[in-house]
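Remarks on the structure that follows.
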Amino acid sequence: MEKITKNILTQVIRQRPADSFKGTYGKIVLIGGSQNFGGAIIMASLAAVYSGAGLVTTFTDPTNQASLHDWLPEAMFVDYNQFDDSADIVKNADVIVIGPGLGTDDTAMTLLTKTFEIAHTGQTLIIDGSALTLLAHNNLQLPSESLNVLTPHQMEWQRVSGIKIADQTPTANQAAVEKLDAIVVVKSHRTEVYENGKVFQNTGGTPAQATGGMGDTLAGLIGGFTAQFADKPAAVLAAVYTHSAIADKLAEKQYVVLPHQISEALPKFMFKHQSKD
Amino acid sequence: MEKITKNILTQVIRQRPADSFKGTYGKIVLIGGSQNFGGAIIMASLAAVYSGAGLVTTFTDPTNQASLHDWLPEAMFVDYNQFDDSADIVKNADVIVIGPGLGTDDTAMTLLTKTFEIAHTGQTLIIDGSALTLLAHNNLQLPSESLNVLTPHQMEWQRVSGIKIADQTPTANQAAVEKLDAIVVVKSHRTEVYENGKVFQNTGGTPAQATGGMGDTLAGLIGGFTAQFADKPAAVLAAVYTHSAIADKLAEKQYVVLPHQISEALPKFMFKHQSKD
Amino acid sequence: MEKITKNILTQVIRQRPADSFKGTYGKIVLIGGSQNFGGAIIMASLAAVYSGAGLVTTFTDPTNQASLHDWLPEAMFVDYNQFDDSADIVKNADVIVIGPGLGTDDTAMTLLTKTFEIAHTGQTLIIDGSALTLLAHNNLQLPSESLNVLTPHQMEWQRVSGIKIADQTPTANQAAVEKLDAIVVVKSHRTEVYENGKVFQNTGGTPAQATGGMGDTLAGLIGGFTAQFADKPAAVLAAVYTHSAIADKLAEKQYVVLPHQISEALPKFMFKHQSKD
Amino acid sequence: MEKITKNILTQVIRQRPADSFKGTYGKIVLIGGSQNFGGAIIMASLAAVYSGAGLVTTFTDPTNQASLHDWLPEAMFVDYNQFDDSADIVKNADVIVIGPGLGTDDTAMTLLTKTFEIAHTGQTLIIDGSALTLLAHNNLQLPSESLNVLTPHQMEWQRVSGIKIADQTPTANQAAVEKLDAIVVVKSHRTEVYENGKVFQNTGGTPAQATGGMGDTLAGLIGGFTAQFADKPAAVLAAVYTHSAIADKLAEKQYVVLPHQISEALPKFMFKHQSKD
């Protein structure tokens, strides 16, 4: 098991070329946020925008429109009940994040199914939160063409892989990941990333992060990084490292770290840790 | 009458164990916020989240959904008119706070009654604001199994106990508290806490705090502390002390202290005053 | 014509007595904010809360509920179309501010008329913005029992007094004020206050303040000060001085001063300039 | 091709005269923000208010009312579906900005047509975003009396001028601009401004700006500057310079610059760079 170290940052976060425009930094669509869980998709979108994704569109319940824009005038809004009318935005996205606050009702299931149908070669599809529960309970097949990234916490990973938390050893996990043909981020106080037949372990992370919304923020951050950076598996590792490194820094002075604080710290953190060539 | 001193902080606020997750820090439900008093439940929820409660769900009038998420994407939202559909969230909570901005109409009364029916062993139930008025006027019986914490100001305590403000001596109060079998926090410029047959007096507090919303913030803070810390009566004392200690600090430079400023100061205050072992 | 000087601050802003509660600092009702001008009543309410008023209730169009609470969870909300149901709140207020963003339609006129009918001895009634236009155009009689404070800019004062801007000399203004039997604050780059047969001139103020919302903020600030401080005419002078003194300070580094920045600076400004005995 | 240098700032941003009021700094109307793109018009309005425009009114979809006021209580709101009822506000404006987040549906087309009919001598009309797409696709004639400013990025300029991006040389562009009889700001990583037969090139700008909302912010900023400053072509140049100069400063510490951060930095930037006489 390899450790994820600080080196991953300069390897992934490249200095931006002078002659670039917002299209250079990717189009990302985030889908989630039922009436009950609107905050989750806001936090995910916040991470996507503050990590530098070029164009961010959030598909969510219409009751979340105002609070999305209160946090993020930079994000575009789509009523997720009107998914079909805006399916082209999903088709044209470089990255799709589905799951934060999505819930598990019929609307959620429809959105997940339609997204799976759309996902195609060249797209990164990040599946988080209740989308993982839906995936497991309905025995859905992952899209075959997109690069799929799953971000379960240990209980969600149990649902998806069938491996009980106590039995989630690297070897057992690796076998399950291989069958899925996906990158899998198993979140715990020492998060593990399974990709390309390797296991990586995150070395950072603090119990100050143990609060609702942390996972949503990570999903959005992986979205922002894979939207911008060419080496997708490395971008996932860098996002995982960044998420906990910022939290560790904030936890030097805070008993609890709020998820939105991590997003707001991204522009300065990424500036410091970009490659200088 | 014992003084609450700074010692209560390190006694209660334990350093977080590395191997923990959001479930470790409790599930808390807050119920309140009619259309007129939405700000109250937002302020209570703010204190719960910023004090580190693991998972926070706010039951409130649907017109408050957007402003709840503007302040707190970290909180989940439930339309309190759909209480029955989400009763399981209340059943599974470690802590319930009911009252901030609840009002005293039929909706409020229904919510209070249903909550009293649900409250069970192992739960802490914090009754604040208009829930105390409803309790008094309708002569309700407190739930018998939950740990009940009442947070009246002096006039509300008069309503609940029948003791006029001028006659609210420690002895008179203690007798009334004994009958209630609850922890009672009588708020004034020197707040008193009645628990386990003892009386504690808070030594901090500033007239800069004399503004609407302070009580709501305290209720949420007691919720956040009892959700996280094992010794519930001590957690109540620590919350009372924390609330006024932060206000005292802010009042060194401010003529008036806004309630939301107290919540926002919690992560750093708790970091400084946690136990170091 | 007397100058308003810094001395007015310590004369008015008293150190708060230890044994006080929110009721000590007054109940204030603010009425205004149509669908088009909701920001105005929010800015007025902001000044009232941040200057330390004990309990603030804002009567406004229901479409402004969310943004009111986004800025101010500390304020209570009433749909001004339901004025009659909440008339008791207006009756029991120490201070009423009417006008910021009220507009001049039938709803506005009804609200103004009803407020004039309620206003009684012991209350301070501050009439601002479009309420002054309605007053002038409909030739309304000011309530006879409340202490009335008018806060027109020069054009509104022309409408109310019939004196053209060019002719608004202290002598001419004083004669008009006498007939009105009110305190009148004529706003310009050197604001004048007419009260008790005297004329006071404000010495502060900056062109950086020349932006929409400044007047709304002043109205709310006069509300906050008269709610808290016993000498009402002096409180009006202190509010006028405070408003421009904070703006002058901010304008030492800013080309333009945003109204909400003035309100947010109040707690520290008032702390510095309170009486120390 | 002339470079836009720092000198343009003191040439344009004049110290404000003491005896001035909000009317001195112009009335500006911004029209845009469909349900999907509400953030765009909020960001444009933010730049207008924070650059010091006297009175700002935002015409937008009613679902954006709350978030507009969350960011800007200083702005007035008009439901753009009720355009006709508020046409006088457009007629009386000094500056009209149309396009940020407007979309290209029938509502958008109607708003653009009506605005073009109203625009008259003495007004500056800034045409941005989807309004440019509508202009091109419908072959609309620009209003003949207003001073028209177009702010296309290179692809929008291709649509309007018919010149492919690869062929957008100064000479080719100048010929197209001459036919349009407008000021044209062609946005790229080195933005060019065409006015009065001259071509100006902006020297600042950073790839950290390559994110959604930057253009909306520039449109609002040009609006704020032309509303306040007499020499309109110079004001456009100063706005372009200011926008990238602030971004460059923020990019000294940030990997990505959020559009709203540029607006919030305006009051201090403009203070530093105003003329001192």
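Letters A, B, C and D mark the chains in the order given here, with residues in each chain numbered from 1 onward.
Convention: contacts are C-beta pairs under 8 Å (C-beta built on N, C-alpha and C of every residue); 3 or more make two chains touch, one makes a residue touch a chain.
Note that the structure is predicted; figures quoted are calculated from it, not measured.
Where chain B touches chain C, the two copies mostly use different residue numbers: shared numbers make up under half of all numbers in play. A rotation of 90 degrees, rounded to the nearest 5, superposes the Cα atoms of chain C on chain D. Separating the CA-averaged centres of chain A and chain D is a span of 34 Å.
If you average the Cα atoms of chain B and of chain D, the two centres end up 49 Å apart.
Multi-chain contact residues of chain D, defined as those touching 2 or more other chains: 66-67, 70.
On the side of chain D, the complex with chain A involves touching residues 35-40, 42-43, 46, 63-64, 66-67, 70-71, 153, 188-189, 206-208, 210-214, 251, 253-260.
Residues of chain B touching chain A in their complex: 13, 16-22, 24-25, 49-56, 62, 65-67, 69-70, 72-79, 266-271, 274.
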